[in-house]
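Pasting the structures here.
What follows is a pair of complexes built around subunit A, which joins subunit B in one and subunit C in the other.
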Partner chain A sequence: MQWIILANAKKRKARVVMTVAGIAIGVATLFALLALSAGIEQALDREISGMGAHILLLPEGCPYELTLSLMQGSDAFEHIPVEMLPTIQEVANVEVAVPVAVGKAKVNGQLNSIYGTTPEILGIRSWGIESFEGAVVGSDVAEKLGLEVGDVLNIQLYSSVELPISTILEPTFGRDDTFVFVPMELAQEVLGLGNQLSAVLVRTEVVSESTQTQYTLGRMSDIQAVPPSEVFDRLIELFVSVKQTLILITAIAIVAGILTTMNTMTMAVYERKQEIGILRALGSTRFNVFKLFVAESLFLSLLGGAVGLVGGYVATLFLPQNSGFGLEATPQFSFLYLVICLAVAVVVGVSSSLYPAMAAARTQPIKTLREL
Partner chain B sequence: MRIELDNVWKSYGTGDAQFWALQEVSFTASDGDFVSIVGPSGSGKSTMLHLLGCLDLPTKGAVRVDDASIEDLSDHQMSRIRRDKIGFVFQQYFLNASMTALQNVLLPMDLAGVDGGRKKAAAALEVVGLGHRLGSFSSELSGGEQQRVAIARALANHPSIVLADEPTGSLDSKTGKAVLDMLISLNEEKDLGIVMVTHDETVASTANESIHVLDGRISR
Partner chain C sequence: MNQYRSIGSPKRWHWVWASMFLLLLALPALAQQSVTLPSTETGWALDVEAIAPRQPSTPGTLEVRGTGDLSFDPAAITTLRPDVFQDGHFSVFDVLVHLAETEQIELEYAFDESLQTHVIQSLNGLEGWWYDAHYDGGSFDKTVVRMDCFPVKDDMSIVLYLEDPVRLDAIYQHFAVEVSSRDPESAEITIPSIIFRSATQTVEFTNVVVTAHDARIDVFQPGVITALDVLLSLGESGALDTVGLEWRAEEAEIPVVDGYYVVAIQAGEFEPAATGSCVLIHQVLGEEIEDHVSPHTHTLTHIHLTGDLEVLVAPQVVEWLWVCL
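Take a look at the complex of A and B:
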């Protein structure tokens, strides 16, 4: 039967190309969506766990928005007074409390995120360096601005300061690669924050007792204590609802694809009436004809699925990689997505061919011969 | 194999528009016969051929294949009879334009699940003198060549009877004669039953027996 399908496909190249393209677009969209979603979820997980904190202390306001601002290195409107830091450090089970002040400033004339903090940051980040002096520059920033250790940075917003680079970090493949880490007071001065902090990252001594510590810290006025895992779960929930909407839109496109393919196949049945009639006259059973049309559609769908997978993969290479929460997300490909997409293509192929295949199988050879 | 039309009537349309294409027709075709059905256009000769080929059912009377009434057979069983026991040759050849000569002959073999179909299809084309045109599409073949491919296709599953509807109708006299010679030799050498519909008395005379049809009735 395969050679019959191929012979027919060769004869109707334009129709094959259009049908395959229609299915391929749907499959490519789905594949890219799944791969990008997985990439964004992974990036979110990496960023939040990469903070190294067991508890995030944030100013009042939406904790998820504030966390995203912190991850993206943007200043939020709300802040924590720096005077609270000693009180925070005295709470039981707090091993270390790292103050953070973030915002955008001009670094050597180019806008970049500034991350003000203290040497305690080395206790919670896995950078593999021993001292925090001068400016510690993320690998992407260093590459973008052509910086080397010993260069003097000019950082400018509310004031202008000069600072030598002590370290260029190894790539972390997270947002740290895009930050310029500077001493806290200097960041506060440049960013015009005064004695205010964007957040405090807390690491606890006994992790299993973090909930109690979080509760104690959360009772302090003007701040809220949030476990990063909760922020992650909430953001993932938010993201999943967006993803579901996108999948729904893709599903509608796929249903439209099914109807289009069904229409194409039905038209093909009418166009090939003579061929079907002769086939039946030569002894083809109704089931043979039915099988032939379903197999043809399946062939086109699998071809469309394969083209769509390649197209989806290529598309992800050209899509902006910071599309999810402003995080740098690398699309994640898995065998499961490949199976899902091909399964969708098969469903499209089979479901769109059932009606036309039944119509073809119903063809009466005598009726066709009398019309010829 | 024996196909019998027993007092067959066939009508098309209903009510006032009912038209009797065949009336009181009785006829038998068996292996080794070479019969021509002669008559003018609209006389009912093609309708007879369709009934003999299990493509249609009679309105009245019975069509029997080896004593089994086709009205008692399922669509599937009738398809099997067409596939395994009957070969068709049409005036317009009706080759599949997207297939090569070889593939057109291979098609009925493929339907029957014949092993080594390609070799056998090539051999069938060799028999009709087209061993050198296996890869040609119908658009690349002359009318005579196309009809020879159609004959090879009809012979693909070694049928007992070939039903030919105006097999020379679209061919010039020389090519038509060559096709008729081929049918004669198949009948004589392979004991193949042939029922040929034609409106041409000269063509009809090549058969061993001729029956004449006029206004849906066998006239002589």
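Take a look at the complex of A and C:
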């Protein structure tokens, strides 16, 4: 059987190439979609959970844009007065309230996000350091600017300050790698924020009672209390609507692959009627003929699937490596995606071969031999 | 008990309370006026006598980042753009100049012919400033409107800040492209692409000639073209069948709105109409700024610079999007 399949593939190279390409496009699209979607979801999850807060206290405004600004380290122009901090800290179940002031400033002459905060940040971030003094620099920015512990940073925007680097963080693979963490007052001075904060990150003592705490905090004037999970869900919702469109496009590509393969196999049955007649005359059963065409279709589909996997992988290298929310999102590859894509290829192969294989199996040997 | 009855029976008081309640319900409606164009009397022009807009009158503040909130009195401000604004109206840039005149800030500025706008050369000794602004009830929106054309209303928020040089350069390039594609002698502009997006449909009109209709003659000088003129010109040319506008003087808890909301349009089968609190908001776009404007994906506010208040020079694209609260 393998010999017959390979011989036919060699005989009709152009058709095989086109059929394999048709399936490969569908599989490549699916593989790239799965890898990119997983990358985006992981990036959002990493950024939001990486904040380490159970509740985000934000100024009034669109909570999603404000959260994105916070994650991206850019100033959203809406702020919380620093005077509110003691009141926030006194709310029941608030374990720690970490003030944050973010914005972009020139760090050693290059525009970079600075993240003003207090030593309490160490209680909610998993950086593995014990003190927050001077500048704590993310690994990416340290590499970009060629910084080392002990170097003195010049940070400049509305005013200019100099600050020694106390720590260069180990890579977190999140946005923390791109920030320069500095003491709150210094960030406020450089960013021209006066006594204002971009946000307050709240960690609760009893997580199961966070909803009540969020409600209490949300009733304070001029601020809104948002659980990070809600922001994550909302951003994922926005992304899902895009993903659905992409899934539709992928489905169309896969259906096109099925039709292409079906067309190829139907044509093959028509062209190889005499070959089928001889096979039947030599003792092949209807089921043998049916199996031959299904196997041939499966071979083409799996070949297309394999080419598609390679193509999809290469495509992800050239597609934008961000989440669409201004956050880096590298594609995530998994063995499961490989299995899914090959399973789709198998489904394409089997479903597209059923009709032609049944037609081939119904071939009357005597009738076709008479036509020889 | 009997003494109370002598004032009026409880049933009569019910009528009084009911009347007062209905009057309260009707108050917002009085602040709104709906217009469907073309009208039998004025065609595609708006009746400027039918609305009662206000001039800025309440003292306000402008935040200069790094300096703080600075106060201004609208009565003391005159405009640098009398070619754009009527007496009593002025722009964000005029506020800034006023603050410099009252020695609250140090400002160097100039009118850049190639951009057709005033630009800040330095503010408090620093270069690279841009601004963002929104009206009461709105939110900052990454504005790309010329600073000397953004009309000031009472209770608005304005912030001057040092902008990312890449974005500032993109904004100025966008202005330069607009100026270079407009004939300064002509009273009309041609917009290459006007796009309407509803939840399910998108319609595009290309190379649309837009003329002024002086719908906001109370704010702007005659001949000033605004984003609302895009709709009115499309209507006149027959591309749009009808346009539904609503004059809103105020919103709940927002005392000053004074703008036309676009609540419906009809162009053949394309017919997004107001359902609930949905409106069409506009966005001026161009190749240079497409990565530097607010995506308008959030649906929390439609208190924004309405089309009747955004002055157009010669944008490459004007897009109208359906936004619901």
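One rule holds in what follows: the second predicted complex is superposed on the first by the 300 of 372 C-alpha atoms of A that agree within 3 Å, B and C clash if a C-alpha of one lies under 4 Å from a C-alpha of the other, contacts with A are read in each partner's own complex, and residues count from 1 in each chain.
Keep in mind that, in the parts below, a contact is a pair of C-beta atoms (placed from the backbone, for glycine too) under 8 Å apart; a residue touches a chain by one contact, two chains touch by 3 or more.
Remember, it's a predicted structure, so these values are computed and weren't measured experimentally.
Looking at the superposition, the partner that touches the larger set of subunit A residues, subunit B or subunit C, turns out to be B. By the document's definition of touching, of the two partners only subunit C reaches A:Gly194; subunit B does not.
By the touch criterion defined above, A:Gly61 reaches subunit C but does not reach subunit B. By the touch criterion defined above, A:Asp140 reaches neither subunit B nor subunit C. By the touch criterion stated above, A:Asp75 is placed in contact with subunit C alone, subunit B being left untouched.
Shared-chain residue A:Ser159: touches subunit C; no touch with subunit B. In the superposed model, A:Asp176 lies in contact with neither subunit B nor subunit C.
Shared interface residues of subunit A, touching subunit B in one complex and subunit C in the other, do not exist. Against subunit C, in their complex, subunit A makes its touches with residues 61-62, 64-65, 75-78, 104, 111, 157-159, 191-194, 238. Every residue of subunit C that touches subunit A in the complex is listed here, in rising order: 65-68, 126, 132, 139-140, 159, 161-162, 164-165, 297-298, 300-301.
Contacts from subunit A toward subunit B in the complex involve residues 1, 3-4, 7-8, 10-12, 274-275, 278-288, 365-366, 369, 372.
Residues 50, 53, 55-56, 75-76, 79-84, 88, 90, 92, 94, 96-99, 103, 106-108, 110-112, 153, 157 of subunit B are the ones that touch subunit A when the two sit in their complex.
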